[in-house]
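Chain nomenclature is as follows: A, B, C and D, assigned in order of appearance, with residue numbering initiated at 1 for each chain independently.
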């Protein structure tokens, strides 16, 4: 299988879906002529033209709302937020219009929209540009939320998201765009709501989403090599719907769990996962579930400090050792 | 002690602080001449005039941002959101400007603002008007979040919030405005970050915030009367900062906990509380922590159904029995 | 307004071509809205429904006149004061009233309430509770039409208070920049809740003039005058259909009741005289009825009969709503995700609900 | 611009009263900004800092001219392209450069980065990364001044792309309605990232005209011409001071570098000729220097000396930044809550951080 970047995987997914369905349209700031601030849409404007790949002004509430409205008539907009941090200027359109219109219309209206872009810290862009709102969005019944950790997952999930009839919030990571993974040439889709065991293990479950999955894989190597501990790494992939079965099965096997995320801790995704595990696998737990999240302050700018603010393999190892 | 309503308690707190500090100013839609959509500011415009009690247009992002800016120069704005649901059109101003300006300026700038208003379902106003974003806001380091359940707490916490040098998100409940409690005539403040044991008990801890506290108190009565179970009711009062000690002490005493909130379940406040308890009192738990939240769908309009969507004493009793 | 100008609206081609039956139909629609709302108000006061109820009474002519011009590819979207638009777009009184009552037979199965009436099959897209939240949605409908190559437009209504939400301005810029066939109709009833126009908005001549900054044509019309509104709306529709360009049209109107039925101050921020003056001299229903009588195409008796029919229809709707069942507890969880309601392939996967 | 008009700006009272030293100081400030940025660019390319770095090079005259008029009760707030405003407001190169390097000696202790320079003691309120997010903050500063009865104003800068954020419009309405002494200065450099003005904004004559819809006076100025900017800014300041009324002032300018240093397309959406043309014929630094030489108050040699001083100052700043320590891990948790940093009474109560 060819090695391609996470960025290219997304780009391929978008191109394939643009080709497949003429109702798919990409919208966002700098997505067309500029090829995307992070080049995820590179070449698509040249290939598909100004009708299918559309630059917008800096009006997130306006163009997200516009895309929601268009989706009600059967258009399938894929809207880029240059950063998910900017979702806060269009939060109302996402939560109330995309998230509630189906319900409030008694099921008469569907909203097949994808909103995508990077949601991560770690690139020294400061507090306002480093938000990770997957927990806010997944709190909202009516929205789906996916956070792919690899190029393979990014491609398969993006194609599924575009074909999905519900609004899908698709969270990428600028630190992953340049990373490579094996991705098959043949078409494939990954259903939303299915977690992936990225590494099998028997002693402890490391449960994560997004880039934290890679942090866990590194930690698992260290745990194996230096401590003889066999860690299983579960990648949630999709936050809502959530594949409870897979993560509970892992915990039932290992009886210990460390949850790792780049989200802030208070009411982060892993608060929910911890709450779930302790409720549904209480008697299986040999130790309290441990969590590692971003250090609980606004994202600091200072480059070396910011690295410490996000979960590191070392912190995961230490936490794992504390309960093994 | 005189019995006064939750609404009057807030009104008194606002009046006292307006009188005490000339930098306190109330701002919001219909807060002045109309006396407030829910009459929390009744009489204040007549008493304090147009400089201190200010009507705004329907521009939440504009006037919240304006208030944040004014607070940087030492004004102490108390901004009403007619509903906390409308915070989504000003989410960026709250999270990025109020929440991050202190950090990003390296502590040079304080933002002594209070944003207040009702955050609750249960009044048949539909999905877009029934949001309870205390979990989103408490996720955000830099913001404080309080959710008073009684008139007494509302008054003491509001006065503390106005004097606080950090941005405080103050969440009221339209269903409580008309309820009465004893409130002393002498001045008092309630420090933010201190929970309150609203009822002592030995067999199980019911932990809640906002109106769910009252639901728990009713459930505790039933548990006592009909099942001989002694339930302790812990009112968090403040979500961030959080009085971990008090809630953990309760769990260490009762060894069982049911968490009750009107928040939606996924990454709700109680996900965090559950995560905390299982981590810090793992060996003290005799049963999995149970949670009762709003039924996990957008708020339904239909009046009888909406009643079922929020936690009821009966559901709390059933959950408690399931682990007692 | 000058007598001559008023006559010229009546004489415009778009109005001259109206048949007497069409003109009478406008009256019928206004009566239907008014009687429907009166019946709903009674039901509200009897505790048959909850929450808000934003009456359109006094503004009926706006929805009737503007929507009367729409063809089969033209769409409508509005805010929470949506009863008039819903009925004129063809929704049944019964499904609307049942929605108010929170019944399973309601247009949204009791899930939306009075602010959220929808009938996409009639190209009526709601009913939206967040002030100005519908303005980019209306833009999106226009976008979809243009994208699909359909010659149509979207009428997007908003209030005089709603113009101060930022998203409306973002929408104006997008509408002009992308050349979209959206027509923003500002129903200026002089108040946003208890706040008069002058206390909520800074402007030069009128609110619609803000469109100028976006190079969007704008106009204003008197909401009492159906002929005038039709002329001005028609110009906007032609601009949308022919040039795919947006318009902002401000219509002066008035609401008789409070902001919503729960508006305790309804009679405080406006003088009773002001309200009475409107009812007496500017009631669009009364004025149109008089005009039809003057034009000799209707007698007072016929008008009364129309009124009676409307009352009767509203009564039937109310009974229907009353007798309908409430949704069940299980219904709370339907219509959240299409994938749960209508699984595709081997889905749905994973847990969707977390209680 | 007509020769005569240009002369009349120079002859305006506000410019005639300038001393030679003041005029030379403008040049010095422009050199300081430019050399500071060149040094920072070198440091960026050497990996001394991360994230974004939005160079103001080409626009220096705007901050210099407009801020030159401010008195002790006048305030400044801007967006992320903030180096020029920061230096002109009196921030030291060292604290700014250290901030870029993420050092504990930085103006925000390394917590804010280049987009977030603040000096409230100099009435300079940042440095804001969310497009147009600063526009209501500027309004709030003006609000506070008026509230306290202080005769002052706030200059709030934004870009040509930022005008399309809704919150700016909400701010305009509030500014006019509440009569606040805020002056919005649109630094129109023709591009928002890679998008030209024409592709991002619909307008009639110019962006500032949108102010008209809010009954706010507006004007425009040529960013090459310090005298003109001073005249037009002064009019706005007087309006703010005397009448407590807002103004929108659009200033035509140009940035030489990409949107940020990380802008890979910097030379794609604009032709190299366009950029060269600006540098050659419209460089504000060069133009002002020439003018001062023409006015006979400066020699080329003196100008070179000023340039040298600026370079040297920037070098010192860079060394200072380089040699400064990074914050410690514990510093991550300070400056989040004042109550934690400076406890009042028996506080703080409860848990503030949740790792």
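Just so it is clear, a residue touches a chain if its C-beta (ideal position, glycine included) is under 8 Å from a C-beta of that chain, and two chains touch if they have at least 3 such contacts.
Note that this is a predicted model, so its numbers are computed, not measured.
Each chain gets a centre from the mean of its Cα atoms; the one farthest from the centre of chain A is C. Of the two chain pairs considered here, B-D and B-C, the higher C-beta contact count falls to B-D.
One simple way to say how far apart two chains are is to compare their mean CA positions; for chain C and chain D this gives 45 Å.
One finds 30 Å separating the Cα centroids of chain A and chain B. For the pair chain B and chain D, the distance between mean C-alpha positions equals 40 Å. One finds 36 Å separating the Cα centroids of chain B and chain C.
Multi-chain contact residues of chain A (touching two or more other chains) are listed as 57, 59, 61-62, 85-86, 88-89, 92, 96, 103-104, 126-128, 141-142, 240, 265-266, 272, 296-298, 300-301. Residues of chain C in contact with two or more other chains: 108, 110-112, 116, 128-130, 133, 164-167, 170, 173, 177, 199-201, 336, 353-354. By the touch criterion given at the top, residues 29-30, 33-35, 37, 39, 55, 57-59, 61-62, 85-86, 88-89, 123-129, 265-266, 292-293, 295-298, 300-306, 308-309 of chain A touch chain D in their complex. Within the complex, the chain A residues that touch chain B are 61, 85-86, 88-89, 91-92, 95-96, 99-100, 103-104, 126-128, 131, 135-136, 138-142, 240, 264-272, 274-275, 278-280, 282, 285, 287-291, 296-298, 300-301. Of all residues in chain B, only 25, 51, 56-57, 59, 61-75, 92-93, 96-97, 101-110, 141-142, 144, 164-166, 191-195, 238, 240-244, 272, 276 touch chain D in the complex they form.
On the side of chain C, the complex with chain D involves touching residues 164-170, 172-173, 176-177, 199-204, 209-216. Only residues 49-52, 99, 102-103, 108, 110-113, 115-116, 128-133, 161-162, 164-167, 192-195, 199-201, 264-265, 268-269, 326-327, 329, 331-333, 336, 353-355 of chain C touch chain B when the two sit together in their complex.
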